[in-house]
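Quick notes on the structure that follows.
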Amino acid sequence: MKEQSNGDIRIGFYICHCGTNIAGVINVKAVADYAAKLPGVVVSRDYKYMCSDPGQALIQQDIKDHKLNRVVVASCSPLLHEHTFRNALEGGGLNPFCLQMVNIREHDAWVHEPGEPATEKARALVRAAIKRVALQKPLEKKETKINRDVLVVGGGIAGIHASLTLANGGMTVYLVEREATIGGHMAKFDKTFPTLDCAACILTPKMSAVGENKNIKLWTYSEIVKVEGFVGNYKVTVKRKPRYIIEDLCVGCMKCVEACVYKEGRTEDDFNEGLSKRKPVYMPFPQATPPVVLFDPEACIQLKTGKCKKTCVEVCDRKAIRFDQKEELVEINVGTIILATGFQTFDGKRLPQYGYGVHPNVFSAMQVERMVNASGPTEGHIKLKDGSQPKAVGIIHCVGSRDNRTNRWCSRVCCMYSMKLAHLIKQHTDAEVFNFYIDIRAPGKGYEEFYERLQEEGVHFIRGRVAEVTDWAARKEEEGRLVIRVEDTLAGFVRRIPVDMVVLANGLEPQADSQDVRRMFNISCSTEGWFLERHPKLAPVNTFTDGIFIAGCCQGPKDIPDTVAQAGAAAAEAYALINAGVIELEPNTSYVVADDCSGCKTCIPLCPYTAISRDEVKKKAIINEALCKGCGVCVAACPSGSIYQNLFSDEEIFSEIEAVIG
Amino acid sequence: MTIQQTIKYDAERDRNFPKEIMARHGCEKLYGCIQCGTCSATCPVSTYMDHTPRQLMALTRAGFKKEVLSSLTIWLCASCYACTVDCPKEIKITDIMYALKRRAIEEGVYPKRFPIPILAREFFKMVKNRGRITENELAVRMFLQSNWFAMMKTWRLGLNLMRTGRFSIKPESMEKPEKLASLFQGGSR
Amino acid sequence: MKFTYFPGCSLKGSGRAYEESLLAVCKQLGVELEELDDWNCCGATAYMAVSERQAFGLAARNLALAEQQPHELIAPCSACYMVLKKTQKYLVEYPQIGQEVHDALSRGGLKYAGTAGVRHPLDVLVNDIGLDAIKKQVKMPLKGFKVAPYYGCQIVRPYADFDDQHNPVLMDKLFKALGAEVVKYPLKTRCCGGSLTGTLPEAGLGLSFHILREAQRRGANVLATVCPLCQFNLDAYQRDMSNKFEPVHMPIVYFTQLMGLAFGMDAKTLGLQRGIISIEPLLKKQEVAA
Amino acid sequence: MEAKVNVQQSGNGKFEPRIVAFFCNWCTYTAADLAGVSRMKYAPNVRIIRLMCSGRLDPQFVMDAFAKGADGVLIGGCHPGDCHYVEGNYKTLRRMDLLKRMLKDLGIEEDRCRLEWISASEGDKVKSVVNDIVEKVRALGPLNMPGKFKDWDKEIEELDGKVQAQDEEQAPAHVA
């Protein structure tokens, strides 16, 4: 209050054109002139790009020449450039928190038509900022130490790559995977587009590298159940589900699996997309990491009834089997978190016109991936349900993509993997292969070339979205086969094409539980369920929560190269924080003015971080600024008005309110 | 054989046509069409059309009014709504077809002696006069104006209907069709 | 249970067998139907091609009349059913046309609120009355009946809400309950050609033909419909189809007629003699079985 | 510069409501940024004030805004369960009930003060909510509390005047 009254407040005001982004809508000159007349303002300038070096230099020069002690910048959102200008102030020898930004781009120029109303709004916002900045006090920077350990959630290629990058850099990484093995979707693929190198050959070395790396604590068959704390110091609770095996003892010799009283598997094998059956004790797939078996409590007689010969136990010379194993909760402390929780594929049953689940020879693309895989259920042979080879195969693109009735987005990988499958099917069976597409999207290195190669191989590309897959025959040659009805939009007529096998290029979707996950980690999520990045271009792997990063398909559909690139970026972001050792925090914490505190204890239960306690001797509340996150809930609640928040004090806000209206 | 040139000049385009159509109820999303052809492929009669429904969307959007309104396609649409429920962009193609039919009638460009618009018109008249439809009478009127020869061929059908008592001798009607008058005021749209 | 009954023009004309059987079956199941007094043509598909506002007006007038009754409205003809439902939806979605129609009606002394529930008998009988109650009535199970359940277009899409748009199943369930065998039939919801069969036989006949031949191929000996126009197209033109394509021969009945048969009602009450393709041979089978 | 109490008018003389918005930094303020990035157009009547959490909102802020001449107040926070500070928005919700009652007693229409949950991804919701409150408040017309205060002050002065007058009448009796 005092500070306001004395006249030594010297404000510099700067309004940014942002090219034409702002100047095209708001009369910046008029606003600058207006600001010049406001109390405390000693310089008022407009400039093309305030965030540019010359723009910042301008401020720093004025600080010297005009002895500025407050600065207001009217440009874009503070969430984007507040940091930039705070640094500029600091560089000019001014306390960085004597800055106030006015968001006249996102909140004005970009949302209003050019003209007086937009300019009038800018004046009001500027007025408020200038009135408020006079009240802002220089503040100390606030820092917190960064715990060097990192949590990576999800063991797909993204999680694997991020973990290895950090571990190789000497960090300790906890890699937590929900399934019994790492590898994710990629482990199921046979080849990868467009190079056609074998997925296993490039993935499994990385998987075992994870298994062997001393710096990586690999917890598979485990889930995160609780996350507390904040950047630098997260406390995470992990649930480790029982696999009824001592991991360290099991060597994956598979004797128990052979010895199981079930001679044949009876449970659908989800790793093979339901194309084969597995036993109650099993290893997801030969190169599983860790190479450890697990028991399925739904299927195992011993676990269900407790009445089994337990032939498995007899043969296990490592004595690794424990039917009494219980799930356990483990607590870990980490400084940063990388979410790589991946995606799920669209369920073809949601489009009944394609007959998935009705016609036995309609397959999902993932099923065909398993089929063409030499270690898959059919040893790499493309087979119809009756065991024979298809003579004609139709691959339907965009199943559950680009469709307002299912998923609006383009899943980005389907065109390419469909072409890959087309190539492999042709190679394995020499069948006639038809691709039914709306648009071919091959925007990657070597992708268009791959498309060209497929065309040369004689794969048919028919531009049209398939209307139905049916088993009724209009003509002799259609009898006993599946008929695809589609408009050949380039030829300009409707066609009926009989095939033996239909492959649905199912799109990518957010994981079913993505909403719960993002709640647990306190990050944002698009309405569809993709995790939201801090900035679509400039902060693609950051989230709005410091210290939590995202990588891979949990952020949106993408192919393996992009996923790996993002994983590397996320690792680098985490590494940068760790390497700095400390992170600067907003100094917007709250404090109690002891003289005014009545000791009523209203505030204490309100604080979600238990930062407020009561000095029983002085009978006053005290706030531990190290714990305070600066939400200001206590400030608003304090009956005696004795709690203040830095950068958001009542008088600062009141002055803003008055000026913004006046 | 004679060859003929096909090329469209921009002058043949009616720029307002697409806007006009989209202003009609249910036709708003026309511009959202991605030309995927789902409509043509689900359509049971597209195989008889001169332009497939997809092509008609493209022509309408581009403003080729003459081609669109004189197309048989709009009259062949049997209103089975297969396209409308399957369009990935939720375009109500059936409604667009209706809008185009109405436009064609307004402009008087629909194919002459072509039974379907005649049926529509006769249906319209009969409802106006009696409030209800008498099917066999409607059919007769339609044939008389389109292709009376075709009717000769349907004598057997007529007989069958009489034999099975499905042929209405006395016309079906409301007691007081004039009650509908208020609905017909203010011209047709 | 009581409903207001909207017959529509066809059920008074070529489709009167539908009315006869519907009334008989409902009576048996204790469902009271009271014909909507002074109803008018729903506008069907043809009227919409001439005047939108008047088409909606015609449909809305029936709805307005129905609102005066305390019961839901039952509309057996697919076209009527769809048009009435669509009208309710559009008059809300498009306030402008809603207002125009409202004004037109009030000029005629009617009020429209859009509150009348519009139902299809298939929905009512299977979902409200229920298969158990129906089973109780079955005296002569439909032994030897191999039924192709044909739903056609407008009762499943786009505004119907009581069955799946691509693979409806209510009739399948119903006929199993009546003791008939239901053939797996992929053309359930494919258009029969509608008015095209009359106006453009070259197009319409083809559509109807495929529907019949596929039913025949799949071993059906009778095809059941829910719509008078479907019934007419599939029944009345079999001779022309046989001449034009391949021989097809199959009795086409309304689902209500099959219910009646299973309830042991006699063919005449159900209007079965009105089928151009006779169902007699099949009835014999049933008697033998019973 | 003193707060103007005159009603703000647009070019065409139509009443232009002045609405103060308090948006939480993490969800609603970000959503407003998103609306900008997506170039969604909405009414220019709303002036956004950034708070770290909607839980920081002291009911006084709202009262003050009305007192200073705002015609409406919009408060934006994260959806329940999504609060960046765990549960700040629940606190806001609780305060809101109280606030609403106070406003009612002051004769301020309910539509003038509104709490909305808008997540960071809901730029379109910012647009619709802003446009909606602007229209509702426009319909209600100017609130002009400052004007009302002036009138109340006048009444009170007159009252004081009367009281003094009475005192003076009685005063002489005691003299001498």
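Side notes on the structure shown:
In this document, chain identifiers A, B, C and D correspond to the written order of the chains, with residue numbering beginning at 1 in each.
Just so it is clear, a contact is a pair of C-beta atoms (placed from the backbone, for glycine too) under 8 Å apart; a residue touches a chain by one contact, two chains touch by 3 or more.
Predicted model only: the values in this text are computed from it and were never measured.
Ranking A-C and B-C by contacting C-beta pairs places B-C first. Averaged C-alpha coordinates put the centre of chain B at 56 Å from the centre of chain D.
Chain A and chain C have Cα centroids separated by 51 Å. Here the CA centre of chain B is 23 Å from the CA centre of chain C. Averaging C-alpha coordinates per chain places the centre of chain A 37 Å away from that of chain D.
Multi-chain contact residues of chain D, defined as those touching 2 or more other chains: none present. Shared interface positions of chain A, i.e. residues touching 2 or more other chains, are given as 353. Remark: the chains found to touch one another pair up as A-B, A-C, A-D, B-C. On chain B, the positions that touch chain C within their shared complex are 24-26, 44-45, 48, 76, 78-82, 84-85, 98, 101-102, 105, 115-117, 119-121, 123-124, 127, 131-136, 139, 142, 146, 150, 156-157, 160-161, 164-168, 172, 174-177, 179-186, 188-189. Residue ranges on chain C touching chain A, taken from their complex, read 164, 166-167, 186-187, 210, 214, 217.
Looking at the complex, you find that chain C touches chain B at residues 9-10, 12-17, 38-41, 43-54, 57-58, 61, 82, 90, 93-94, 97, 100, 104-105, 107-108, 153-154, 157-158, 165, 189-191, 193-196, 198-203, 207, 236-237, 239, 273-276. Chain A makes touch with chain D in their complex at residues 38-39, 77-80, 103, 105-113, 116-118, 120-121, 124-125, 127-128, 519, 522, 524-527, 532, 536, 544-545, 586, 588, 606, 608, 629-633, 635-637, 645, 648, 650, 653-654, 656-658, 660-662.
Residue ranges on chain A touching chain B, taken from their complex, read 353, 398, 402-405, 438-439, 463-468, 485-489, 492-494.
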